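Below are structures written as structure tokens.
Common to both upcoming complexes is subunit A, partnered first by subunit B, then by subunit C.
This part shows the complex of A and B:
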């Protein structure tokens, strides 16, 4: 590529991003309700966090599991600076917020440097324990500090007012996510990304090839932490009030789960998983209450179907053409139609716009992936198999419930129990994680990245073969 | 001039003396063979030279400068690169990416330039990819450029390791049993290739090989180790008839 062309592409993409941010801020965001705005904003924050952890865990292969600590350091540091130095009316809020994002990034980067140092000596699970311990230390230090709000929480306000500062606009969330994704993408697009990947693959061989493994690992920690710190600063100036619980170990594990599910090492996977895995449990908030019988009946039938299907799977010919494949393809078609119907039906339900939108996008995506790609026959048959399993689960649930109700022992145990569906969303979320990990241990996208050439290849269009991973 | 001088190098692992008072010199442009039975300490010698282990005593000079105590990546930057006896490719990366990692050692653009995708970083990457493709071509691997290195067959993995090491533009190339596990036909092909590296590019090579016949065919100078210590040193004709060498390789035809 010539230099002039690089700059032209740069300018065009920058223009497109600015146009998108402008549309988002002035057209899309006002058209949505408060809840939808919040779902998008926090979803984008999680995408940012997952992509930043992916740089450490996925790309550089350093098993760090205390990522919420960096997020927290960014949030608290920027909050304290605002509380002491920000005066409303003196400076444009979004300019101040940009400054605070830099403050959060620097503070978290320093912490990332400190945590990165043990990674020079520790590997795998040992490093994981250290990073986890670091997260707890940060939390406990803040808990013991009254000036930081302790366990009550900290109101982020200007120095000349007591009102919580809520100055983070929608466009900033999108801009931060785009920025972090772009920086990580750029890293992998150039040869500079390869030492990071080499450290992940084989540290000794990397050092023998001249890779400064020390520098590489610390750089990954510093960059990843800085990105999380930026997200933290944005978050504290969005909520106007921060508490320890928002940065606890659960938070770290949630971010980690997003990276693992998206496909460790894939930026695309981390970003998508970060956004949608946050949306999934949030969308399940308003489900109706269910009885204990239903929950346990469902669980029993899931277990039965999983066992039976894993035992019979190898007798089912899904990939070789024949009568069996045709049969499963019909089931697959039913699945596609069902998904499309769901994508249509959801718009008549009382759920947040974001949920409706995501369900439709996923349904259309599934339909396209199944019907128009090169490997559509085995894919469709594979989907048919999953549809059949789902059908079996639903068919089994009813008799299982009946059985539980008629048995004196289980009806004594379960008769009184009723679950608020809102509380079931995390078990459901966890079950989703388990299923993904069982069926695709490398994560949804593996090491793959989104690229137009990949899409073209998928749909059998002419494409150029890839060069670097990026 | 001697490119590499190993001067009375010794390393102990607890009670075991893996390399015992070993001294040899590798002159510029030479194809130098390091042989000996299994467990003789050949790989350990490589680990000493490349900085993975530090000698308990003795000195190692490269280009007239001591490299003892330097980090492996610093030694690689000085111009020593190696392959591994038990193949250590970057398994999930493509063959091309593996070679680019080697070439990256000589990069000039900075990390911020890469993160901001500045033209210099892009052009440098394009140059590295082109150079890596050229190297893959030299080793007959061009058609596998985009295959995951873990999926290559054994012989190709061995060749890819050499290509990756060559990408660092080393002054001294260390090859640790590059023909291990290959069939006789592949072995002959590989040895011809190693020979060409020396003849066409003037590459200085230090070669470990278990198979005596192979080494005799290509090296002009051979050093024989047994139980960590030198037992013979000289041109192939001398080594072939040395009674100590014959004894060390007891029963194996030389």
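This part shows the complex of A and C:
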């Protein structure tokens, strides 16, 4: 491509981004309700955070598990600056917010520098525990400060009013996510990004080839932290009220899980996983009430599916190598999900227990048969395993359920009191985490970037296999 | 990597600069004033309490360090296994104490063995379901699985709590509090009976563990696997059996620690019951050199004492932070922990 054409493409994509942001702010956002808006905004925020951690963890291979600390530092610093210096009416809110994002980025980048320094001497799990410890230290120090609200939380307000400052517009979230993704992508596309990958693959070899590993690692920490600080500043000016609970260890783990599930080192993977892993538990919030038996039935279905799939996977590998596996996996996934929901639904109905149980077992069995049967004949050994598992489970669990019903404590737990299904979202979420890791240890996209190739491959269209470095 | 001599020199230089700065800026007079206002009479008592708390940390840290030694896995679900241990102990106490006819010592025995057995079973189940299929996967995915399991246990417990709130009957169950041991040699030093029993029990458990690891055939197999996983497998050691035994022992120790903590200190049961003790014990294991059994015990005691020293100095707010501060400083000068091997780990 000629230089002029490259510039044309750049200008056009910039224009497209601006058009998209304008559409988002003026057309899409007003059409949605408050909750939908919030879901999208926070989802984009998590996508930003996941991509920023991916830079440290996935691309540079430095094992950092305290990312919420940088997020927190950005949020608190910008909040304090706003509380002391922002006067409503003096400056456009979004301009001020841009300034605050820079402030948050600088503060978090300094923290990233401090954390990046030990990474020169420590590696692997030792570095992980130091980053974790840093996160905890930051949280505890903030908790001890009265002026930062301590454990009560901090209201972000202007200096001349007490009302919480909620000035983050929708387009800003999208713009920040796009900015961070673009920086990471361009970093990898240019020669500046190659040292990061080299350090990940083999630090010793990289330094032997003349890569300044010290500079590379510290840069990764500083950049990743700065991005997280930006997200933090945006978050504090969106919520108007921040508490320590929003930045605790579980938050760090959640961001890390997003990166790993998306595929360590894959920018698109991190962004997609960040967005959808936030939406997953939130979208389960409004489910109707269910009885304890439904929960129990669901748990049993999960266990059955796990056992059967672990026993039959090796036969699947033997019988169906190579082609057709993608289609096969999709059918299997749909089948398993269908079975799980069917089991869930049947257990929540008020029909005699044994009927419920046998029907839900049958449903799960059907789904598993779908999962482990190719277009041709099912492998007899695999089928044998399935039947065996179901036989054992029916034989074992029916008396167990009767036992649970006859005991006062457990029948109280399971039967009389119904759960709000919304409360089940975090157990479900964490179970999903485990299942995804068990089935795809490399993450959903592995080291690859997202592409439509697999869809094309599915329908037999021409495609080219393209891989990013790594 | 710089050599150790350089890091020691660097440390000494940093210390010298610090002292010089302190002197220049006149920190010494305020420091003396500060030292004079401390409650020195309480110091020895707090150290004793710290050692007792440290024994709990040491027991949990042993589970972390053994699993790490064998599998090179940070078992983040270990803190939740500890939590489940406390939970089981509480419920055993609630179910049996109501009847009032049961001998208190029998009840305590039931509590400690009940929580040890349930924890061991839980640990083995977690290993079977969540860790074993991933044995050859990248280590970060196992870590995420561990985090997922830990979240799952926490949140499931929260679900149970919504239906039946956690019991709080420790004051009635704990018979040790009636015992107070004075130690005339040191004047006012007292030991609460519960803490003393807790300390003694954990020392006994540690000695049993030490005997097991160094004097039995299975213990030798465990050390071999910890030294080199694949070679041990080649030499005819049943690696899966060793891993299972490791999880049984580590989780049972966590269960014992949880029961002792729940009865002797009476910490209220919440869903984050295992979170901070778990993380602190993990830090203790890393401090001692992860994978190293004496190191975990040393680290646990250090953590306990340091934590209560901070409380003694009047900085209650920072008692949870001190573990991490010590860790960072130790790792900066000795990157593999206090007793850890000096071999360079390839991440």
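Heads up, the rule we're going with is that the second predicted complex is superposed on the first by the 347 of 470 C-alpha atoms of A that agree within 3 Å, B and C clash if a C-alpha of one lies under 4 Å from a C-alpha of the other, contacts with A are read in each partner's own complex, and residues count from 1 in each chain.
One rule holds for everything that comes next: contacts are C-beta pairs under 8 Å (C-beta built on N, C-alpha and C of every residue); 3 or more make two chains touch, one makes a residue touch a chain.
What you see is a predicted model; the values in this text were computed from it and never measured.
For A:74 in the superposed arrangement: first (subunit B), second (subunit C), both or neither?
Neither partner.
Report the partner of subunit A that touches more of its residues: subunit B or subunit C.
So, of the two partners, C touches more residues of subunit A.
After the superposition on A, what does A:10 contact: first (subunit B), second (subunit C), both or neither?
first
By the touch definition at the top of the document, which applies to A:43: first (subunit B), second (subunit C), both, or neither?
Touch status of A:43: no partner.
I'd like to know which partner A:112 touches here: subunit B for first, subunit C for second, both or neither.
It touches nothing on subunit B or subunit C.
Looking at the overlay, what does A:274 touch: subunit B (first), subunit C (second), both, or neither?
Neither partner.
Contacts for A:437 in the overlay, against subunit B (first) and subunit C (second): which applies, first, second, both or neither?
second
Just which bits of subunit A does subunit B share with subunit C as contact spots?
Looking at subunit A, the two contact sets are disjoint.
Tell me, which parts of subunit A touch subunit B in their complex?
1, 3, 6-7, 10, 183, 186-187, 189-195, 197-198, 201-202, 204-213, 219, 265, 447, 465-469
Under the definition above, what is the set of subunit A residues touching subunit C in their complex?
Going through subunit A, the ones touching subunit C are 57, 61, 63, 118, 121-130, 132-134, 136-137, 140-141, 143-144, 249-250, 253, 256-257, 260-261, 264, 292, 295, 306, 310, 409, 412-413, 417, 419, 423-424, 426-427, 429-431, 433-434, 437-438, 441-443.
Which part of subunit B faces subunit A closely enough to touch in the complex?
These residues of subunit B touch subunit A: 50, 52, 71-73, 76-77, 81-82, 84, 88-94, 96-97, 100-105, 107, 109, 111, 114-117, 119, 121-126, 128-129, 146, 164-165, 168.
Could you please specify the touching residues of subunit C with respect to subunit A in the complex?
Residues in contact with subunit A: 1-2, 68, 72, 74, 76, 129-130, 133-134, 137-138, 140-145, 147-149, 151-152, 155-156, 158-160, 162-164, 275, 279, 282-283, 286, 290, 317-318, 320-321, 323-325, 327-328, 331-332, 335-337, 345-347.
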